[in-house]
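Two complexes, one shared chain (subunit A), two partners (subunit B, subunit C).
Our next item is the complex of A and B:
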């Protein structure tokens, strides 16, 4: 049972909003310098899910990611957890903001790698919370997908998964190959082991460009982006604090009731 | 959270000393410390039974992360993680959370070191064979999912720093080993060793014949439980609770002759033990100071006195800067030192007077400075620094012991002096003890 896991490096979700600024012209959020990039938490959980499947059913786990060469660190972390191979899609023509392009590139890479039974992604990114890439990959590869999933079982060459819904979960059976968006309910990602680190440090991560995975130059042109960012801004929140007065607490309470009614809050 | 891409990090851990694998190891233990140790660090020293907090942490560290196999060679199924820089980075990070936890894991590695170094790098076939016999007998039990512990059982109640004083050539070791037939027979008492009383395997420092010095020096592995081997009570200490210390009594303890080694080859392995531990302890001391600094920095940033945060007052700023300076200099020093020890092909062997003097300069400087700075820092936290829940006083207690281990800083200073002149600090000679006759 060969698994592909797509991971992304994101700005640490713990970074406070005040540490970001907005490039209005480029419509980009710019984190403050020296803010760490981390592996998307949900993606780490997806790696954990893949490793559990590997332990139960055998096969190999291959990590895919798109980004700058520095993403190699994130891929190696996954290798040190127990993944077998890592492939980085790195090309300055990739526009990471265009989730459709990211999904297309990852789909092309997975297709090129071949022999993949199950693709696992995190349910969504920790920075934009878009949750589009995984489902986009499934659409491009024309395979079934479910997201978000809290439990995965492989049974007789098919998947039985629990998809999270508002009031519980749905039990879904689907054939392979398939794509699953993994949620954190699967369980925490394991630590790497010392042996895993020593093995991972000696492994190389393959780097593929857009040409290597057969993406036409026209698809890489920013004008062909499927997503058009219209505006990006920090919402302004105004808070007005007013003390409702009264001679006694009871009177203040009565005044508050009247005021809330007047403002049509109650 | 350790941020390895910041400029400050790059300046602190330069690429000439720290490679990719070592950074990954450092990050692993930084994350482990932040998640597993930091949230409970104020409670660790009160876990007298070890059942509530300490052992669960140790099981994750030693079993789940695989650290108990670090010093076991790869061809015996272990990690063969022999690098000094990697071990130093690990020690720094764990000590940032709790030095006792670090002592536990470091001393399991320390217990294995003589056998593994002998097996991999032994100067003779006899030495290699000894290492192989020990590894063959005991390594498999450290490769399971059970927590296993090793102990380098060296110190004695009447001669601790005298044993670590290499000028004594092992003549102050009173634990007696005899060869009778195909067995070693050990009699004597050890005290203080980290992991004593909980170890599954001891490497016991012995002496066959006090008057013969190095020729009579012996290292013998003894597993536990084992007939004739018993322990006293666990010491109740100021801090460092995760580091268990007790007496180990050897009453006609008999083990196969293959588990022991004697003479100059055993002595060289012992010297390697000493100098390596000194180098690694420097990193642990920096970790303790870093842990205290982080607490102090945060507290003085939120506590307001005289209308502004405490750290905006000049006196506090001076101390914070002094602590940061010692951390930075200490870190640079321990990285350089351990890097040099990782490269004997350039810098020469570790078991020389010069190498020991270099290691001791770094260790004594940090070990002496750290407790003083931490105590000064407590002034700026007031009583809040003296209570458990604010996480500062534990570093004060950890730091106090930094000066005591490995023979103490005074012994370290003596070694430093030996680099420059013939300071005689042996126990023997004119006006001092006379060698046994």
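Our next item is the complex of A and C:
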């Protein structure tokens, strides 16, 4: 049972709004000084899910990511958690905001690597996405997908998964190969062990360019993107909070009640 | 029907009722269709779809309703749904196809877009027609809501999903008329790879979060399940429901389905009370549409105060009981 896991390096989602800024010209966020880029939360959970499957069913776990050479650090982290191999798609011609190109490149890389039974990714990514890359990969590779999933079981060559829906969950079965978008309910990602870190240190991360995975130069031309970003801006918040005071917190609590009553809110 | 594209929205319904997100989506589609001077269609998928649902879609603002009725569409199965929609879109060639950002929309929209070889923007909060290019400008929050991006799709159909509760539905008008067209889905069983074994409801007792007029929401600072029991008391008193940010759900103080935020539920109550939560952008995305926002937090710099109308800086364990007592004394 071989798993491929797609991960992305993103701006730290805990960055407070006050420390958040954007590069208007490049149309992307400037990472705050004390908040280095991190692996997308859900993607770490997807790695965890893959490692659990490997422990139960054997096989190997390969990490795929598209990004700058610095993403190697993120892939190495996954290797130190226990993943077997890492492949970085890095090429100056990749435009990360063209989500369809990202999905296409990852799909082509997974196809090239071959011998993958299950593709896992996070249910969504914190920067640009709302979950289209994973489903896009499934569509390009013409395999079934389920997203977002909170439990995965492998049973006799099929998957049985729990898909989260608005008022509960759906128990779904599907054949392999397949793609699953993993949600955090599956359980927290493990921390690397010292042994894991040392093993990962000896491994190298393969770097593949667009040419290596057979993407035509025409598809890399920005004009071939179907969706273009016209603008990126920080929305204005003009609201001023009215702070309710009191000699003690108790008094402030009582005053809050009086104030809300005066406004006829409660 | 006019031969120029048109706008198509993908409707949802359950238990014989049109979903409220679908009425909102019809309102969004109506505005776009009017701006383009085109027709607005809605599609309803299901098995033995009640004719009243189609009429309701027209009363809500649609000009034409396509009903795709097939036993394989009785539950949401992505392969069946996407195959049926693909046929409809290829046949009717709309300029714009819209979904709500729901369990179904967030799953079906990307697959349909890739199958049709077009672009899609998910989780939009605003859609508008550019008067010059006549293309749809799609605004969506990025970087967890810290920034907004505006996109335009250069291929047809232009596709987007719309975040629930970003628009108000149109006034229901029974005088509106329109065409109801049965469209053959022609779905074959072989196309369906994912199979539903069963659907399990996990609703909390009491008022449903999305429908609640008052939402009391707790964060990591609540400290444990005992603290949430006190929020429950307050919610009962205010006839509201209890929600949480992501950490209490992850730690297990409250069930996961209480989560309000980008990856949880989207609420827009009359009164939202945020207790001991910082106000991460991921959470704000799920509640910023609330009418009156009250925040209680020890930290005066907590981000939630940037969105709150009323705030109290202090330990909630001291503030809330006094607030609660005052409510009881003076209902």
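Observations on the model:
Keep this in mind: the second predicted complex is superposed on the first by the 225 of 266 C-alpha atoms of A that agree within 3 Å, B and C clash if a C-alpha of one lies under 4 Å from a C-alpha of the other, contacts with A are read in each partner's own complex, and residues count from 1 in each chain.
In the analysis below, a residue touches a chain if its C-beta (ideal position, glycine included) is under 8 Å from a C-beta of that chain, and two chains touch if they have at least 3 such contacts.
This structure is a prediction, so every number in the text was calculated from the model and none was measured.
Legend: residue contacts after superposition of the two complexes on their common chain; A:226 is shown touching subunit C, with no touch to subunit B.
Legend: residue contacts after superposition of the two complexes on their common chain; A:192 is shown touching subunit B, with no touch to subunit C. Once the two complexes are overlaid on the shared chain, A:200 sits against subunit B while remaining clear of subunit C. In the superposition on chain A, A:37 contacts subunit B only, with no contact to subunit C. In the superposition on chain A, contact is made by A:166 with subunit C only, not with subunit B. Contacts of A:76 after superposition on the shared chain: subunit B is touched, whereas subunit C is not.
Touched residues of subunit A, counted separately for subunit B and subunit C, are more numerous for C. Residues common to the contacts of subunit A with subunit B and with subunit C across the two structures: 14.
Against subunit C, the residues of subunit A that register as touching in their complex are 11, 13-18, 20, 22, 27, 29, 100, 103, 123-124, 126-132, 135-136, 138-140, 144-148, 150, 160, 163-175, 178, 183-185, 188, 225-235, 237, 239, 241-244, 246, 248-254, 256-261, 263, 265-266.
Touching subunit A in their complex are the following residues of subunit C: 78-79, 101-103, 106-107, 109-111, 113-115, 118-123, 137, 140, 142-144, 146-155, 161, 193-203, 214, 238, 246, 250, 256-257, 263, 265, 270-271, 280-282, 292, 294-296, 303, 305-315, 318-327, 330. Interface residues of subunit B facing subunit A in the complex, by the touch rule stated above, are 1, 3-8, 19-21, 24-25, 27-28, 31-32, 60, 64-67, 69-70, 79-81.
Of all the residues in subunit A, the ones that touch subunit B in their complex are 12, 14, 34, 36-37, 70, 73, 76-77, 80, 190-198, 200-202.
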